[in-house]
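Each of the two complexes below includes chain A, the first together with chain B, the second together with chain C.
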Partner chain A sequence: MSAVPIDVESRPGARLLLLLPALALLLLFLVVPMFSVFRTSFFPGTSSMGATGFTLSQYARFFSSTLYNSVLLETVAYGIIVSVGCIVLGFPVGYSLARMPPAKRRLRMILIIVPLTLSLVVVVFGWMVLLGRQGLLNNLLLALGLIEAPRQLLFNRAAVLVVLIQQFLPFMILSIMNVVLQIDPVLEHASTSLRATRLTTFRKVVVPLAAPGIVSGFTLVFVMTVSAFVTPRLIGGARTQMLGGLIFDEVLTTMNWPFGAAMSFILLAVGLGVLALVNMLVVRRITRGLHVR
Partner chain B sequence: MNMSAVPARVTKTNTVVSFRGIEKSYGAFQAVAALSLDIRQGELVCLLGPSGCGKTTTLRMLAGFVEPSAGEIWLDEDNVTRVPAYRRDVGIVFQNYALFPHMTVAKNVEYGLVNINMPKAARQARIAEVLRRVELQHLADRYPRALSGGQQQRVALARALALQPKVLLLDEPFSNLDAQLRVRLREELSSLIRGLDMTTLFVTHDQEEALTLADRIVVMNKGAVEQIGTPEEIYDSPQTRFVAEFIGTCSLLEGRVDEGGDFLSERGLRFPVARRPGAATAIIRPEYVRHAAEAPGAPVHRAVVETSEYMGAATRLQLRVGDARLLMDGRYAPGRRPRAGDEIDIVIDPTGVRFVTDGN
Partner chain C sequence: MSADLRDRLFAALGFLVRWTVYASLLLPAAIVVAASLTPGDILRFPPPGISLRWYRAVWESDLFMNSLGLSFRLAALATLVSLVLGFAAAYAVDRYRFRGLGLVRSFLLSPLLVPTVVLGLGLMQFLVWIGLGQTFLGLLAGHLVITLPYVVRTLSASMVLFDRNLEQAAMSLRAPPLTVLRTITLPLLFPGIISAMVFAFVTSFGNVTLSVFLNYDGEVTLPVQVLSYVEQNYDPLVAAVSSVVILVTVLAIFIADRISGAKSVI
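For the complex of A and B:
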């Protein structure tokens, strides 16, 4: 093989050849199964075994149930709250990492990435130890005299949100760090010399220029949150339901594949809808409104 | 060089910027040492020196990005040493222009005006005015990436001037431009700044830029000021060896002036000078070394041409006179240029010989 880079612009054949292995894998193990699931969601009845026909009844069942509708809404709300929480907590970290000398940044990045290498189950059980009735936090609060009896800290929405934010924060930090690395620090000096306070510089220079990274971080975290089911199940208990958990039950416990498939596609469509909306809003701001006032 | 503007300016004496014993240290490293400098209204002062000499640190201290370790900075009547950068009446054009890539030219210019809460109608008028001054009104709605380097520089200038700062700072303003454009923009910028009577401090490592643009030059080396003076003073009467070598080209001869009024170099070159006897370092610019035939009467030295470097208008000869080495610039008709190995007779114009005091 020659050492000359392949000019993929002028050689579509070469481009296709480079893409082919990954494309084949995705086609075979993602696109084909998804079509199959999509088709399943239009089967009548409660089983896909030998099923035929075409009906929207699975979708109708979902949208006519207040339970499912509220779980869907709640799932989207979780996605938005966790993403926004990650932005708020992750921006300062990502920004300061990007403005650090590379040697200092390396060690800190390892610290941020390490939690991602732990199994999700280990992380969740860790949180259960921390938040349980006999857990560290309860003991600490008791010792400090802030509470008189152990509190139930698990199995509520707040606990689920905290644990989800903890899990997905690294993705947001890395995403924001990467975009801030592209922003010339001199721009912030220029802004300051043009009478801008730190807050103005942040609002009108840093955030707009970091918007692509914030949006991609939002996308990642949102998608991972709405499809989460281990965390809500173990930390949230029976009272906090997310759609991912319901799909899991429907497919693996009830074995109602057509309805599970329909729920999957509703989640997919709503998720894509939210992301499209966010992208549209931000892109519009960048192309039209990113101006002074 | 804009000579005509100088006398009028010199009569103005009100000081706009005053550095008073400014120092900046980073741990044990002293970036700027004991710098004192007053800049008058409308004056164009240049900080000149090699990289790491402290010139950019000095500029950044005036802008407010770096806090001095000692000393005071005054702007007009105010001590601004501890005033944050965003409240200083200082405009700055950065080396890479630092235009906001997500804003149009007009919005870049408007940015500072919004920050000082100028009403919209006044902003629009000001934007139109400064863009007209830099002749960019037709590009008001373009984004910076669609502009050439020279145009970007003018936007950066317009953006800084829109706030009508008390002093304008230029950080290596021409280093990102190609040679031809550099000369043209230098003239444009100079006439624009002088037309506005704008007090300006600029930083460069390019001596030609400093000599052509500045009213006064501050030559800096290793954090310390070597000499402050007009371009003529800096070039014609360098006070230190560093200034002599950094600005222009020269031959340095160590030696002493004897009782008879002759300078005698350590390497045996002797010529008459007007100076008290004693140890001295003589500086001779290449243009003051001439062919003997052009200046009859002066002592003639026989020189061997070591190298002959054609530079277009002039030819630079490196000569050996006995053991001493001298540079000489000569102008020759085509084909008459001396070659390496030729022997020529030269004289040293005594009016062109200078002495520096530091013998380091």
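For the complex of A and C:
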């Protein structure tokens, strides 16, 4: 009744009250579990139940095995190839979406958001049907007379790469679109009116300005690729191993949590290391490009 | 003139790449739906005819129907809880200026950048320690961690566009704060709220990489059920189940698009 307008911004307690539930949730179910994995990775033996002690033996076991080392290397290679593939294929799409009138963009956005939100396992299954012996691709190749009998197109590295790129493309497209939306088209017109070719404008104007979006897309895709385990498992079969798959097996099949934990932190550390390196290199190149001309 | 030719080639190449990308994005889902309509016993594409027998088989399969039920319950609950927590947090981040604001915002979005294998192992181990291993509550907690950042991000984006003068006007007309919230703030943020809910729902409903670590009492979510089924069998039944997942996802996205435009979903 005698309600005096209350300025919400003058109540310090309210802020804490509003933030507390979300922060508590993440603290309890994200931060604490991550710390517990970190601690577990230093346990000796093969079980974390009732384990005590502190040793680097899990890490030593990983790095002294050629198998694990080559899987780690291969995983990082997958991460880089998939991220670069996503940039190459995603840039034209993200750029054209950003330069489109919103009404025209609408349907295309749905085309990108549905695969993004669709369950990973369904997408992977779709590729299994597509590449299977009775699948579309085999039938197409047979009809065109390019092959004589159905071939096994699954269970090889190329198939894993194609499927991973398709899965993560929407993230890259949206990341690039969002940054291009903020670039004033006037800059490109200016470049063109100065008689720069499309290619020059693209190289000297668009790419440097879109760099933040490219880098954030790269980061996201790289992290998702190196930790992938569903796709390598179903599409790659036993012959293509990625670190995510090894961790999965170690945790759910072998139940060796200390070793699984150590591999998790190696994955995190190597992933962050590669990202830091790439960010450094890209940022340096872009800034140089901007200063020269 | 060679520059002109190069420009045209460049444009043609862009066109080609764009439509290859759109086609490949659509392809897996389209193939699954088409393959699920086969009347035969073998999964093949193109299917030799059209029949709904495999959908009937899904309906009669306890295995998949139980998982579908669990996935719906889980996604609905995860959506509601993360909406409440995420709205409060996004509101606080939007309205208050305080030290550590940037840190809080990054922290709220950080689950997006944690590899799910690592989070999965951590949660699995932690839940066992606190006695929540193999429980619905544990599964829900895990899903909240991955849906919360989407809710916070979507709501933050729509709060930035919010015209606060409308609230000021209501307050100057002596409306109590709760009335302002109910009659001004919430209705204006409605499209953002719907987008956040849709995104949280489909994220939880489709998740497989985290759920696979958090089985509960032998019951698993639908995507996990599909994963373990596909590892053993390869038949049209799983195509029909997958089509159900596709249908739910597409419907959710269309609802969001109708109410607030597809762009706001991200």
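What we mean here is this: the second predicted complex is superposed on the first by the 267 of 293 C-alpha atoms of A that agree within 3 Å, B and C clash if a C-alpha of one lies under 4 Å from a C-alpha of the other, contacts with A are read in each partner's own complex, and residues count from 1 in each chain.
The working rule: contacts are C-beta pairs under 8 Å (C-beta built on N, C-alpha and C of every residue); 3 or more make two chains touch, one makes a residue touch a chain.
Everything numeric in this text was worked out from a predicted model, so none of it was measured.
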item: Partner chain(s) touched by A:126 [first = chain B, second = chain C, both, neither]; value: second
item: Chain B versus chain C as contact partner of A:29, first or second or both or neither; value: second
item: Chain B versus chain C as contact partner of A:197, first or second or both or neither; value: both
item: Which superposed partner A:15 touches (first chain B, second chain C, both, neither); value: second
item: Chain B versus chain C as contact partner of A:280, first or second or both or neither; value: neither
item: Which superposed partner A:269 touches (first chain B, second chain C, both, neither); value: neither
item: Which superposed partner A:230 touches (first chain B, second chain C, both, neither); value: second
item: Touching partner for A:109 - first (chain B), second (chain C), both, neither; value: second
item: More chain A residues in contact - chain B or chain C; value: C
item: Touched partner set for A:37, first chain B, second chain C, both or neither; value: second
item: Residues of chain A contacting chain B in one complex and chain C in the other; value: 197
item: Contact set on chain A toward chain B in their complex; value: 184, 186-187, 189-197, 200, 204-205, 208-209, 286, 290-293
item: Complex contacts: residues of chain C adjacent to chain A; value: 3, 6-7, 10-11, 14, 17-18, 20-22, 24-32, 35, 42-46, 84-86, 88-89, 91-93, 95-96, 98, 104, 107-108, 110-126, 129, 141-142, 144-145, 148, 152, 171-172, 174-177, 199, 202-203, 205-209, 212-213, 222-224, 226-227, 230-231, 234, 238-239, 242, 245-246, 249-250, 252-254, 257, 261-263, 265-266
item: Chain A - residues contacting chain C, complex; value: 3, 5-6, 8-9, 14-15, 17-19, 21-23, 25-26, 28-30, 32-34, 36-37, 40, 48, 88-90, 92-93, 96, 102, 105-106, 108-130, 132, 134-136, 139, 166, 169-170, 173-174, 197-199, 202, 219-220, 223-224, 226-227, 229-230, 233-234, 244, 247-248, 251-252, 257, 260-261, 264-265, 267-268, 271
item: Chain A partner contacts - residues on chain B that touch it in the complex; value: 63-65, 85-88, 90-92, 94, 96, 98-104, 107, 110-112, 114-116, 159-160, 163
